[in-house]
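Each of the two complexes below includes chain A, the first together with chain B, the second together with chain C.
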Partner chain A sequence: MFSIENILNSFHKWLGSMLNQTNVMLIEMALIAFFAITLFAILGLVLVYLERKVSAFIQIRKGPNRVGPFGIFQTTADTLKLIVKESFMPDKVDKFLYQLAPFIVMITAMLLLAPIPFARGVQIWNINIGVFYVTAVSSLSVIGILMAGWASSNKYSLLGAMRSGAQIVSYELSAGMAILSIIVLTGSLNLQDIIASQENGWWIFKGHIPALVAFVIYIIAVTAETNRAPFDLAEAESELTGGFHTEYAGMRFALFFLAEYINIFIVCAIGATLFFGGWMPFHIGNWQAFNHVMDFIPSSIWFFGKTFFLILLIMWFRWTFPRLRVDQLLNLEWKYLLPISMLNLLVMTLIAIKGWHF
Partner chain B sequence: MSFLSNYIKEVYGAVSSLLIGMKRTGYYLTHNKEVITEEYPEFRAKMADRFRGEVVMTHDAQNEHACTGCSACELACPNGTIKILNKFDITPEGKKKKAIDSFVYHLELCTMCNLCIVACPTDAIKMSQNFEHSVYDRRLLTKQLNFPGSKLREGVE
Partner chain C sequence: MRNVVETTPEGNMVLNVGPQHPSTHGVLHLFITVNGETILNLDPNIGYIHRSIEKMCESLSYRQFIYSTSRMDYLSAHMNNHGCALTVEKGLQVEVPVRAEVIRVIISELTRLASHQLWWGSLAMDLGALSPFFYAFREREMITDIMEETCGARLTMNYIVPGGVMADIHPDFQRKVKEFIVQFKSKIGEYHELVTNNVIFQNRTKGIGILSKEDAISYGCTGPTARGSGLSCDMRKIYPYSAYKNIQFNEILETEGDSFARYMVRMREMEESVNIIEQLIDNIPEGEFLAKTKAVLKLPKGEFYTRLETARGELGVYIVSEGGTTPYRIKFRSPGFSNLSALNHMIKGHKIGDLVSVMGTLDLVIPDIDR
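So, the complex of A and B:
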């Protein structure tokens, strides 16, 4: 059957028939780098357009509608503008850190792309601790943000960066707890195993109420981790004139902007993989006929459909809820999300031991 | 136990109130027919009657205005927007009669405070609703409000 997995495998065989193993590896690595950069560019354009349309519809406006049909080339035009713009650097910044920071944030986002299964058998790096890798590497982005805030030698930037640090360190806990409750059910950190365990139904349906609670906590925590409204204290344009990227302009600013959207995509992809089965089609238990019908929809469409559903959910949050104060933000994490997710993890462990899940 | 029940009540209240907000915005997201956007170049909004766009002088069909050149508006203007240049016509009886040569209006200085319109004893000037003032050269913002060849309407004085 025609599938991305078969194309990739036959391409790998074709390369192997012509070159030795080292060259095949080098060529494939170059192709993957090209693929990652292309995916980043396309995702950035699509997500920014989507965000502007969603915000417009929620605020009863029209959104971008001039450049191309329905304004679909608006974000392309904006990107071209940012590329040709002067990347202005203020006088008193720490020049090395200032120039390094956007790339740290971007490289972190790129590293996170490695273990994500895009479709059946399509994964850049099948690593046996995939979930652990994602949670560990995603916390590196705070270093880039702190670096940007510190190097700008601007009080607003520093305030934003410090807020971002407090926020990411706090919310990583409950995001980790929510992820753990799915790990308890599957007993594996490998993303392929997690998907394979959802062959007969997604965990959000199989795991009863605790899975639902874990999903809600996960979505709240990753919204905070990606610095998006209602948790966008790090950039808070109305208080801090842009927070950690106040002093950035041109393409360096665009890299921060792009990394934010790529991070959203990645956390939504991980969420879709853990709770909605990644590329696994919608299966119900032993209904063979129904499951076969669902299998006809390609696995990549399932994966991107679920991911974009979660992205839409996070965008919906952004344009509905007002921004939290710093004390409210930390109260929410330490007094509500963390105790609830700990209790939830206990209940989930009980379910997993007793085998009450489907 | 009252602490625990309060805690649960708080969480329930928070979640339900957030869901109410999301229901409203979700309704707008899916019902995007009722947009309130007025697309500007094709659709120009009709401004309200009391909107102060710029000072204009009213002329009737015979190209006659009501400005006697009394300079009350020039005195009333707080930032020197209006400059009235008078001339003296010689009437058939040989008397000199004051009339305006040009009513110079500096739009770039005007704050649309309406004091000149209030000060005018003959209601010769009024505020128009035009809001598109951008020009390529700022000299174009200095305007002469009386039309060329216009003269004072009979019986105004």
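So, the complex of A and C:
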């Protein structure tokens, strides 16, 4: 059967037959870097286009429909415009930090692509602490945002950055707790192991109500972590004009913008991996025939299907809900989400110890 | 202009909101003193869109000056014109035909609906929900189309003139208004579902920006802003003018005085406006739409004052005449100016995020404040 894994393996063997081990590794690293950057760009374009179409659908508009069929080249045109646009730098900014900030945010987003299993056997870096790596690296982006807000020498940017700092640091806790409840069930931080453990059913179905609660908390927390509405207080365009990126223009702004969308993709990919089995097809217990039919759908389609389902969910939130106030945002986390997720983790542990899950 | 300061002597940050800011909806400039996110003091700085309309009116004749008032509160253009026309008619002792009075009221209520719909959409947008704006404009578009047919413009509309209305209604007018009413009634539930019943929206507005009844009186607040505090101030009820004398409608009052109360007043007012239109739309009497007046209007020596209810509150039109063809002095008492003055009182101690919600529920139109 056609699979990306086989192609990659035969490519690896073919390279190995011609070159020595070091050269194979160097070439493969270069190819992976190229792949990561391409994926970054394509995902950015696709997600921005998707967001504009989703928002248009919700807002009874047509959305982009001029550049290319159904406006699919609109985002490409926008990106070209942003690349050629002058990257204006205001007076009085801290020049070094101002220029560094968008790159930190973007590099963080790129690093997060490493442990994501895109399909069966397709993963840039099969690290044994995959989930931990993701939670650890994703918290770095707040440094970039704080840096941008501070270096811009603008009061709105500063307020936005401070809000964002408080928000991301708080919501990481309950996102981490929600992730932990699945780790408790699988007993492994390796993303491949987590997927393998969902061979006969996804955790969201197998883990009873605690898994469902963990999923809801995870979605709320990552929406906040990626600064998306209704938690977009760091940008809050009606309050802070643009928040931390008020003073950014051209490609520097676009890097923040792209990083936001890549972050959404990553958190949704992790969510799909933890709760919906990643690239694992939909299997029901020992229904052999049904499971066999499901196996015919390529694993990459399963992965991207689940991820984009979650992305659409988060986009739907954005275009429906009003924004929370900053104190309400922190109340929601510290008074409701965190206690609930702690309790949920305990219940999940009990379930895992007693073996009550399917 | 004031000097721009970065911090107060106490070390609190001074933040300039505006004159170019997405949620001031115009060129309003607010100096806010903040401690972190908490607003300690707010100081509005107006005058960025001052066009000296009152002074300009002094050199325009009584027929001409009305047109400049559409540019004051551009969302209640017809009501501004109505106020001016009523004042001039008072001075001229002209009897307005009944048909014109009914048309005036229908047009005014349609304007009120359009204004409140725009406010509803922009309030939701201020609070971060971007979609309601488009839902509001879907219905508002129908009113704008009716206005375009009736008076030829979609925003800076002029239709009401001294003695009646400028032209008779379009043959499609009644049918289109009825279509709008059907559409509006089927969609108002959607408005409530999407925004009013949203728990985030309720948390953002309930108990925020409280204005007591006493404060509403002392700041001179009028319109939905004051009625949200339980102050009965509907000029249509207290001093009925035009066809308001003959129709049954309720004055909408809420007593909490917070942002949510002001929101509910406007939402319920929309339904009340539909009720008023429904009473009149099938009963437009036949007859003249414009009373016979002289070619050049001359008001007798004296002072004339009329007050009426626009979408934002009480509009007062004060004309001093020396007996000539132009007013000697003209003064508009605009609702937005007084309502803005209460903002500092309402916002103290709240967060920056609340500034936009409170300002949104005041429904400020900056050209109305500056004139």
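Definition applied: the second predicted complex is superposed on the first by the 358 of 358 C-alpha atoms of A that agree within 3 Å, B and C clash if a C-alpha of one lies under 4 Å from a C-alpha of the other, contacts with A are read in each partner's own complex, and residues count from 1 in each chain.
As a working rule, contacts are C-beta pairs under 8 Å (C-beta built on N, C-alpha and C of every residue); 3 or more make two chains touch, one makes a residue touch a chain.
Remember, it's a predicted structure, so these values are computed and weren't measured experimentally.
Student: Check whether A:I340 is in contact with chain B, with chain C, with both or with neither, and answer first, second, both or neither.
Tutor: first
Student: Counting only touches as set out at the top, which of chain B and chain C does A:A229 meet: first, second, both, neither?
Tutor: second
Student: Is A:F35 contacted by the first partner chain B, the second partner chain C, both or neither?
Tutor: Touch status of A:F35: no partner.
Student: Between chain B (first) and chain C (second), which does A:D327 come into contact with in this model arrangement: first, second, both, or neither?
Tutor: second
Student: Which of the two, chain B or chain C, is in touch with more residues of chain A?
Tutor: The partner making contact with more of chain A's residues is C.
Student: In the superposed arrangement, which partner chain does A:F103 touch: chain B (first), chain C (second), both, or neither?
Tutor: neither
Student: For A:I58, select first, second, both or neither according to whether it touches chain B, chain C, the two together, or no partner.
Tutor: Touch status of A:I58: both partners.
Student: First (chain B), second (chain C), both or neither: which does A:E239 touch?
Tutor: So A:E239 only meets chain C here.
Student: Applying the touch criterion given at the start, work out whether A:W319 contacts chain B, chain C, both or neither, answering first, second, both or neither.
Tutor: both
Student: Can you list the residues of chain A that meet both chain B and chain C?
Tutor: The overlap between the chain B and chain C interfaces on chain A comprises residues 58-61, 319-321.
Student: In their complex, what parts of chain A are in touch with chain B?
Tutor: Within the complex, chain A contacts chain B at residues 54, 57-62, 65, 316-317, 319-321, 336, 340.
Student: Where on chain B is chain A touching in the complex?
Tutor: Interface residues on chain B, with respect to chain A: 11, 18, 21-22, 24-26, 28-29, 32, 34-37, 39.
Student: Mind pulling up the chain A residues that touch chain C in the complex?
Tutor: Of all residues in chain A, those touching chain C are 55, 58-61, 155-156, 159, 163, 229-230, 232-233, 236-241, 319-328.
Student: Going by the contact rule set out above, which residues of chain C touch chain A in the complex?
Tutor: Those in contact with chain A are residues 13, 15, 21-23, 37, 124-131, 133-135, 138, 194-195, 198, 200-201, 203-204, 351-356.
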